[in-house]
Amino acid sequence: MNTITKTISRLLLFTALAGVAIQAQQKPCATVSKFGPDDQIGNVNYITPARTLAASKLVTTGKAYRLGIETNKNTPAYGTRTFGITVAQPGQAGGASFGPNKITHNDDMITGWVGIGSQIDGFGHAGIDDLYFNCNRGRDFAQVDGLKKLGIENIPAIATRAVLLDMAVYFGTEMVKEGVAFNRAEIEGAMKRQGIRAIEKGDIVLFYTGWMSLLGKDDKRFIAANPGLGREGARYLASLGVAAVGADTANFEAIPFEQGAGMYEVHQILLALNGIHILENLKLDEMARDKAWESFFTLGPARITGGVQAWINPIVIR
Amino acid sequence: MNTITKTISRLLLFTALAGVAIQAQQKPCATVSKFGPDDQIGNVNYITPARTLAASKLVTTGKAYRLGIETNKNTPAYGTRTFGITVAQPGQAGGASFGPNKITHNDDMITGWVGIGSQIDGFGHAGIDDLYFNCNRGRDFAQVDGLKKLGIENIPAIATRAVLLDMAVYFGTEMVKEGVAFNRAEIEGAMKRQGIRAIEKGDIVLFYTGWMSLLGKDDKRFIAANPGLGREGARYLASLGVAAVGADTANFEAIPFEQGAGMYEVHQILLALNGIHILENLKLDEMARDKAWESFFTLGPARITGGVQAWINPIVIR
Amino acid sequence: MNTITKTISRLLLFTALAGVAIQAQQKPCATVSKFGPDDQIGNVNYITPARTLAASKLVTTGKAYRLGIETNKNTPAYGTRTFGITVAQPGQAGGASFGPNKITHNDDMITGWVGIGSQIDGFGHAGIDDLYFNCNRGRDFAQVDGLKKLGIENIPAIATRAVLLDMAVYFGTEMVKEGVAFNRAEIEGAMKRQGIRAIEKGDIVLFYTGWMSLLGKDDKRFIAANPGLGREGARYLASLGVAAVGADTANFEAIPFEQGAGMYEVHQILLALNGIHILENLKLDEMARDKAWESFFTLGPARITGGVQAWINPIVIR
Amino acid sequence: MNTITKTISRLLLFTALAGVAIQAQQKPCATVSKFGPDDQIGNVNYITPARTLAASKLVTTGKAYRLGIETNKNTPAYGTRTFGITVAQPGQAGGASFGPNKITHNDDMITGWVGIGSQIDGFGHAGIDDLYFNCNRGRDFAQVDGLKKLGIENIPAIATRAVLLDMAVYFGTEMVKEGVAFNRAEIEGAMKRQGIRAIEKGDIVLFYTGWMSLLGKDDKRFIAANPGLGREGARYLASLGVAAVGADTANFEAIPFEQGAGMYEVHQILLALNGIHILENLKLDEMARDKAWESFFTLGPARITGGVQAWINPIVIR
């Protein structure tokens, strides 16, 4: 009885957050999508050709940035995640080659967890007690050989506006401290300082914190905590209809978690309750240096069927 | 002696092709880069901000295309390549969750060969008797735990013009037959028909053949052969300075190989001798249907350190 | 309420089966070991030096049998399990070798699920609603990077008596049909026919069914069902104190399951409730042909830390 | 020319060692088996039922030893080898279970190199310039998806006599120093001290060095070098017809290599030239403490098709 009561109060809480009614096990549920019962892409729906066209006009110099960092066995990894690559020369033992043209070749195999390095979190990544985005239950779709719904392969072409918020400059530091939470006040403050008038539907909001300067120097600190989005800030960005959010940190949200916050609750607010993708470990220093506040952002995650996350390398042009 | 003689004539042949002098084991060698001894990216060097800016002007409707197909255990795979994904719920056996907010999560691991599905071939993929692009010897850089040079992580942001050649319409068919080779005459013929004035330095040239209509219907035929670029066509495109070439086929080049051609010799001409990346298994039908002949092409392959190939999903906007 | 009631009746049922009292979450629980709260090896405890010595006397001809079948990508596999091996020649691209003695070498990597081919099921393999052998909860020990208790590495040296029951001859057939359940009557009947006086503490009981004649001929039938131990037979063998049981089938227990039986309930009875290991996919035809009814059985599963199962190849000598 | 000359002198040298005639590329060759052109198991052929029967008589107390150490991500590993295990609960996200009996289960997957922890080296592991045991060329059988000859699956049941030589006591130390080579004098000296009359055909010779006391304390030293068999000692044991040799070290042979020895030349002498398997990382301290000089040794490596090595856990009984 106690458990049932707690579950109900929890669901009521999330209902309040999401502004939707609860009817357990039937739609609408706590994580219902505003884009209909078959929706698997959430706010990426807001990226229309008109918005893509408008964003393309932000290209004024032709300078292109790759936001991906490298993924390898030394990249700081969460929990027990590991990564390996194997390169072989199939059929070429002893210096064999193929054909009169003596072609030789290498092939590579990956054996590793996807959540290492620059990554996008799909909607199958985080849920609330097994309830994932758009009323999908993990027990129904989270199979061992790949997600049967909400897989990363569903994400359409992403080409939209990116807004970069330089939180380091906002806080007057080189590197924002762990635990510092970005909420509405900080977001609007940074926007004002940078002269950004509005965050709009379909935008990608990127937070520069300077945190990546720890990479290779203090990997333990880098992965254990970071500054990042707070709960109220997440709900604020959700209210604006952003398509995705990202940062130059491993965990994206503020850690240690805000006073009263649950574990990775911002992940739940974004992924499960609002259909907003999260981008982690993005290299943003060059954009920050160039004051590339508004730019044209493109992303095509490799379409691994049933993938939870994806290694990414967004291309931003301004 | 016989072998040595054959090797020498072979190298002389490639020298003739590449127009460079040979001095075995020292630079310049048969596969020397015109961008200097440290170059690892070949013709991607041609993608300058000016060209990126010009290409961005091709965006006129805001329609975006994702060119990636899905990669999974059923995707047609070359040789003995295999692919697997594993999804787990770490720490959540028996329905456990974390925190008062009861967060649950899935993670995914890949165990598979990269050369399955939409992919980019890095310069470490194909060589001539262990000699790879820019005078790099496989024995020096092709280590079992990842390439020590020419790895996929070196590729910079790609944002440039794509030219799509509809070879199916050119040949007056729905699907071009296997073995049909695209050489200078066919390339120029298709360009003329489509009103494309020139292929330029830094361009991506994409061939639509209709071949992907076989996917899921006759996978065996799909992977065994295909129409594609011929040797003379490869040298012609190299002379124009293209950054990369791609197609909606698994092998990219014409198979069965042209009369007198070696095994995957077009791969050698492009990757090893000219520093031109190859994109395979691209989904191009929608672009062809829309007559998206010239468009803005962006690609950021995930930066797996030491990778030979990469799963890709280029985003094209027009 | 309904669920709670059902759970309670279920636990009471298992209590009756196991003859132990239930006190949820505290010992003793439904799966308590008779060998104490720290026990992780169950009835293997019965294999004492005295029993090993006695069993060694069964060697009279010196003929040795390997009971393992091969494991590879074509071995019939349960559910979504897959298997792969990769062989590489590290550091030997282009025909390189090491030292003046020109040593060359191959190395191999496995990427595969352990439950394929001849295998031993550890006590972490099957539980009752997340309750595993000796009152261990899956949520406590079943971590994604390996079991923290009940791992396969805990199994001590196994050297004891094996009793082979030829169920094919008992049923007067070459291959016993799927679903046929071996219970006390069948076990005692086969023993009597073969002149085996008793099954004793620490014994390994092996069932020959002829089922492996399907291998490579009808793999689908082989993996989908088989004859095997029934629930009453499992409890009977448990009452005798056997250390492990095995068969020449993939699922070991009778499938389709007996009337009224749950899913893989015999696995629960053996592994979770009685601490008896299960050996699957054993090649027993040669032993059956030789009428090797009683023999000296040795097994040392590779000690992968935290392993759930292990690929095995028991050596039996008579 | 120079290379050819060196190759020839090298082959002549090995010919002298092996006492066989050379006719390049045709049998007999430098690595020909004395058991015929189809032989894949070398001196394991010497393990006859008569020898197995005789060895079984060495069991006098029934005490059984498992010689395997644990393999996991922390086990000292050679070169770039890595190891991982993944445990999942297929179909059980959110606390789901199966059937009215609520069965839950764990499955495990290995992603790792086999040459970590206790292992047997198959004959496909080490060769002389791509020439492996019994005139097999690597380019012919060493395919990327598994060896097509000399795979570990070919090894028959091993049940024979083990002779343990306590080299630590022989040298009057707790742990023999790295680089100390065991040759005929040391082998015979240790035998004499222990009262072992003869090493015979089909025997397994095990060397205890005390080296494993470094495990977990100085893993770097443990893997980098060790005392072990020397070249002359290897040829001596080969002349006696031993089936396999083993030690409580990672590299088995003396490292730093003996004066004038090539890299891992003892591996070549044993595996390639004489068909003698090598067992590495065996836990022998308990046997040494018990003075278990002669015992009954059984080993059934899991039969992974095309495997180069195998994780092992031999069971020794005395």
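Which chain is which? They are A, B, C and D, in the order written, and residues in each are numbered from 1.
Keep in mind that, in the parts below, a contact is a pair of C-beta atoms (placed from the backbone, for glycine too) under 8 Å apart; a residue touches a chain by one contact, two chains touch by 3 or more.
Predicted model only: the values in this text are computed from it and were never measured.
Student: By the contact definition above, name the pair with the higher C-beta contact count: C-D or A-C.
Tutor: C-D
Student: Which pair in B-D, A-D or A-B has the same interface as B-C, with over half of the contact pairs matching by residue number?
Tutor: A-D
Student: Can you compute the centre-to-centre distance for subunit C and subunit D, using the mean CA position of each chain? Integer Å is fine.
Tutor: Comparing mean C-alpha positions, subunit D is 27 Å from subunit C.
Student: Calculate how many whole Å lie between the centre of subunit A and the centre of subunit D, each centre taken as the average of the chain's C-alpha atoms.
Tutor: 48
Student: Would you kindly tell me how far, in whole Å, the mean C-alpha position of subunit C lies from that of subunit A?
Tutor: 44
Student: Could you list which residues of subunit B touch at least two other chains?
Tutor: 73, 80, 84, 86-90, 92-96, 104, 106-107, 109, 111, 129-130, 138, 142-145
Student: Hey, which residues of subunit C end up touching subunit A in the complex?
Tutor: 80, 86-89, 92-96, 104, 106, 109, 111, 143-145
Student: Along subunit C, where are the residues that touch subunit D in the complex?
Tutor: 7, 10, 47-54, 56, 59-73, 79-81, 84-90, 95, 97-115, 117-118, 124-130, 138, 142-147, 153, 156-159, 261-265, 267-268, 296, 298-317
Student: Okay, in this complex, where on subunit A does subunit D touch?
Tutor: 73, 82, 84, 88, 90-96, 107, 111, 129-130, 137-139, 142-144
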